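Take this structure, written in structure tokens, and hold onto it; I'll ask about it next.
Note that the chains are named A, B, C and D in the order they appear, and that numbering of residues resets to 1 at the start of each chain.
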Amino acid sequence: MAPQKLQIACAGLGRMGKRHALHFLNRTPRAQLVAASTPDESEIQWAKQNLEPWGVRIYTSYEEMIKQEGLQAVVIASVTTVHAEQAIKAIEANLHVLCEKPLSTSVEISQSVVDAASKKPSLKVMCGFSRRFDTSYRDAFTKMDNGLIGRPSIFRSQTCDKLDPSGFFVAYAEFSGGIFVDCSIHDIDLALWFFGQDSRVKSVVSSGITAVQPELRKHKDVDNAVGIVEFWGGQIAYLFCSRMMAAGQDDATEIIGTDGKLQVNAQPMSNLVNIYEAGGVKREIPGDYYGRFEQAFVTEANEFTACCLDNTKLPMKLSGAVQAVKIGCALQESLNSGKKINFDETGRRLELAVL
Amino acid sequence: MAPQKLQIACAGLGRMGKRHALHFLNRTPRAQLVAASTPDESEIQWAKQNLEPWGVRIYTSYEEMIKQEGLQAVVIASVTTVHAEQAIKAIEANLHVLCEKPLSTSVEISQSVVDAASKKPSLKVMCGFSRRFDTSYRDAFTKMDNGLIGRPSIFRSQTCDKLDPSGFFVAYAEFSGGIFVDCSIHDIDLALWFFGQDSRVKSVVSSGITAVQPELRKHKDVDNAVGIVEFWGGQIAYLFCSRMMAAGQDDATEIIGTDGKLQVNAQPMSNLVNIYEAGGVKREIPGDYYGRFEQAFVTEANEFTACCLDNTKLPMKLSGAVQAVKIGCALQESLNSGKKINFDETGRRLELAVL
Amino acid sequence: MAPQKLQIACAGLGRMGKRHALHFLNRTPRAQLVAASTPDESEIQWAKQNLEPWGVRIYTSYEEMIKQEGLQAVVIASVTTVHAEQAIKAIEANLHVLCEKPLSTSVEISQSVVDAASKKPSLKVMCGFSRRFDTSYRDAFTKMDNGLIGRPSIFRSQTCDKLDPSGFFVAYAEFSGGIFVDCSIHDIDLALWFFGQDSRVKSVVSSGITAVQPELRKHKDVDNAVGIVEFWGGQIAYLFCSRMMAAGQDDATEIIGTDGKLQVNAQPMSNLVNIYEAGGVKREIPGDYYGRFEQAFVTEANEFTACCLDNTKLPMKLSGAVQAVKIGCALQESLNSGKKINFDETGRRLELAVL
Amino acid sequence: MAPQKLQIACAGLGRMGKRHALHFLNRTPRAQLVAASTPDESEIQWAKQNLEPWGVRIYTSYEEMIKQEGLQAVVIASVTTVHAEQAIKAIEANLHVLCEKPLSTSVEISQSVVDAASKKPSLKVMCGFSRRFDTSYRDAFTKMDNGLIGRPSIFRSQTCDKLDPSGFFVAYAEFSGGIFVDCSIHDIDLALWFFGQDSRVKSVVSSGITAVQPELRKHKDVDNAVGIVEFWGGQIAYLFCSRMMAAGQDDATEIIGTDGKLQVNAQPMSNLVNIYEAGGVKREIPGDYYGRFEQAFVTEANEFTACCLDNTKLPMKLSGAVQAVKIGCALQESLNSGKKINFDETGRRLELAVL
């Protein structure tokens, strides 16, 4: 008799939801996808073709789904606005939770998930920061952790999406929380990982422009922004996010230490092919985030599964996800106010009473 | 009810056998590994721990295994000397076959597998040239096939293994068929793929040295060799194989056409990390063939499975595997004789009148 | 009879002074180095050996030197603190001037050089921003100027010096003006070049740390800093400067436009050699600024000479050098005050009277 | 009084002649170009504009030029067919000689230059293998010479010219000696440099095709060829030459040793600019040989000058140039005969008894 498989359900079957569902169905040997839910008719049709034949039960109601007999875990890939609510309901139903980032675009709501989880210490509740599962980031982290670059001091990271001229991002900006919460959240999470999960923010400041989509301004958002995050430990992270990269997904990170520097993806590439043609030498780069991080999502699914089944420690603390949202929201605020925001060593915000 | 899965067995559980078994067990959703065989005691122990708990039945006898009820296919990863024999037995038992390369180090024996397969046209019989399933090679092939580089004319390819100072390769050389049959077979297969599966060889010539392991000479082998293969269509492939790369696995290929050039893996890398340290900028490279081609093997398993289940065409003809061995053997002969070997347009070898 | 050569003198024979002197002596065909001055005894000895035999007259007094009969131009490579004074004296003596950057660490003093030059419009007075003469930067600028990347919007640039554990930079910091004025001045000048020489600053903000040399704090300096510069035209430059790069000189620049991105030196290298060795693949990188920009300095000498002899326009305006110092000083101030500094559209600083 | 400068003349003012003339005029501080000769009217016009104003005397007759009072050296950049004759005349006139490669396309005629030079041991006579003066090749050589890669064993090198659709190379092939003598001569010279100047050839074999210019066949030439050169010391060089590179000049070299590998220019580039645009990331590469090796030619001029003035040893032996031609001619012969050519250890060609 083969060992037990984790009985897992998928909430939401949009772009990322479909991927998560298929990863758990086909590429996570120790998990068994048993259910999926979505209120969307076209997503239900997709599920009937692509999931149901393999024994996955399809629901239109999340609440119904999580009552399914034998269910042990849920991966939440619905719209951001319901992440926290669904996560809390799952926790209350004694299910392990893998929730897509961010928990919420609100710090308080994000914290409420952490609070709910803290009442059920036996449950595994993880916010899916996929880059933590990427082999290159892991290799860089291990090398840093082994002292290869001395004391990490400066962190540079960028998340640059391919230009989408359809206007999608304008509508999306209404609920995304803004470019720092939506895109840079990954870079912020990485900074916290590399500088130490308990790093405390000292200040944030940022600037942004709308180079290609001025309508973003109505949602207090931009299409290109840079930000600086100071930590009380004496480290600095500086970030760039963009939604107008012509060549494709261009995410890169550098960790500069007292004895060396580690780079991740400073030369993006789709694969190992170089094209020599009239005009020069060319390589293609991934068109989107999934093109760069597909394997990391699969690893995430497998490791989450293993932690649930074996009751081992998750690779990251849930509270870090709140810290990341807090920094992202502060950067987004600074972008709009034009002001630097300071925090004391306990994490309390310092208001500029008199200047 | 989920669709049927391909019931497959694995013959041989050595280095590659273990990998194939795990690929079919865990990373090939449409296949089910149901059996494995090996005469080796330590491999059996490994199988009891790593396969049996998931319902895989373990055999010491290949012949017994292929009688297992419901078995549909077998992946052959045993020692090269029994590849052909086991493949033919499987074919006779009406099983689909995925056989590790080469079918045999002998052209005649390789041909006997093709002959056996041709009597069972409903069976899928494939020789596992893993690079054919690598995304970079496939991308390069598609680009060439779409005319991006004009008419492909010159092909350069190398297979360079990391230096293994243990002396393993000396013992291995007794049965490997020699460096051109063991290593360059991949490059030869690629040349046939890129130049067209039906390309006819016009001549081969080669030279080799024993730079680090002079004992290889007793098995008529070398540790570094270069060769030139001319085709009647007017193309040239030139090859390099080595067993003394200091940095790791260094396999690279170029296809030079009348309008451009495609390179695969000209800058080998383990991942997307660059290390800046005193002395310069460094990247690591894979330590072995599997480090470079792991995902290709998984794709191979999945596509073979799909072809068997869906009765679709395999991505390559089995006869190509014989052609590759023929070229590899001729290169190995030239290495030892010091002579160029010519073939007429029908593939018949031209002997020099008097020598 | 060969055409006339520009009669030029070199002020200062320190590290850069020696290089400038030799460039004009040996690598600037249309110039003739006729004099050099330095108050330093060891530099005089060097000059007697390396310049005097080729007819270069050596002075201990700058003021004496610029009176030399027939002298037409002077290159100023003395300590930064006398740049402006010497430049003004040369202008008053009707000499063309090529002055090492910065004109001064003070905005006002820098401006005084511009004022002096504006009274002698026939003279060529240039501040030596060497990167403007680098073929890679020029190629990038031309491509941008031709519209290749659309409208330039975000500019990223870094100047990272190799770690010098001798403590040199601590003493040096007393007069250098700080890391933003000393190092980032190049990046700031590039930003002004790429965004347009007349770009007006809207705000600056910065942060820095002393990761390896805490003593820098006594001179209000740091060894690593990042800064953001907003322009009224809607562009953003963000900068990084460091004095602790383990691998060597690591200067890189990116210009991100609405239709593409141009990178300069994102993968630094000393030459075209790759080293494959146990551990991976390595390339060396330049150890210092001159290792990266030697040829740019030579081009600078030749183009300055041509402008003087042919009375053609200099490739950049002198006033830009003041603007660069202004931005550099503001970044340095923000570093120490922790505050963002704002400017109105006329360049006037906005004080936060009431908040 | 400045030290004496080498009085040098330039023979031939074609493409390379103009460059050599200007290098000695402007970029070789210790040399003075005093004369130039060419029978070609348009080249004379060019010389009157570009050389004469700087005191260079122009001749239509080489023989007249080398009689000029005070002349000490000559750089020969005329058509290959007169290289040897002009070199010998210069030697007889007691002039130092820097002769463009090859000395001749004939081994015997090349040897006659060596013989003439050996009678005047005080003269510096050098064949201009420019790559020997390239900083990357020199760095690679030094690293190898210092033992970085163990014992050099395999040498791979290619000279690939940009496709010239004008048909120039067809006419050129009549006198060029063929692609191996014209292009690969550089790679052969490098092999002799890296393996040791006194390496003795054991065999050569080659193959070629006319992929784009079938008319080359009438001059017994091809547009793409590969060759293998075995040395008696147990090393192998393998070569590729092409005249149809779409992207530009693509010259690369690898030296594989028992402990590592050195690459030169495996990723060709014009400069340090990367272009991110729709479709991917691109870099440009040099359009021709001079675009890659300009600085090496300048260094060659300066070092040749220094050897003449200081009576120091030239960086390479003249006899090596004959050895390179010998190997190049044998490769060209093998290309046409289809046969491998063997040599005994004394360099004598081994004929096959009966064929």
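Following the convention adopted for this analysis, a contact is a pair of C-beta atoms (placed from the backbone, for glycine too) under 8 Å apart; a residue touches a chain by one contact, two chains touch by 3 or more.
These are the chains along with the protein names UniProt gives them: A, B, C, D = NAD(P)-binding protein.
Here the structure is a predicted model, which is why all the values come from computation and not from measurement.
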Maximum centroid distance from subunit D (NAD(P)-binding protein), chain identifier (CA atoms): A
Option in B-C, A-B or A-C whose residue-number contact pairs overlap C-D by over half: A-B
Chain pair with more C-beta contacts, A-D versus B-D: B-D
Mean-CA-position distance for subunit D (NAD(P)-binding protein) and subunit A (NAD(P)-binding protein) (Å): 57
Length of the line joining the C-alpha centres of subunit B (NAD(P)-binding protein) and subunit D (NAD(P)-binding protein), rounded to whole Å: 41
Contacts with two or more other chains, residues of subunit A (NAD(P)-binding protein) listed in rising order: 149, 245-247, 250, 259-261, 266-267, 269-270, 275-278
Touching residues on subunit B (NAD(P)-binding protein), where the partner in the complex is subunit C (NAD(P)-binding protein): 245-248, 250, 267-270, 275-285
Contacting residues of subunit C (NAD(P)-binding protein) [partner subunit D (NAD(P)-binding protein), same complex]: 1-3, 25-27, 29, 53-55, 135-136, 139-140, 143, 148-149, 259-267, 269-278
For the subunit B (NAD(P)-binding protein) and subunit D (NAD(P)-binding protein) complex, residues of the former touching the latter: 149-151, 153-154, 156, 203, 205-209, 211-212, 224, 226, 228, 230, 234-236, 238, 240, 242, 244-247, 250, 256, 258-261, 266-267, 338-340, 342, 352-355
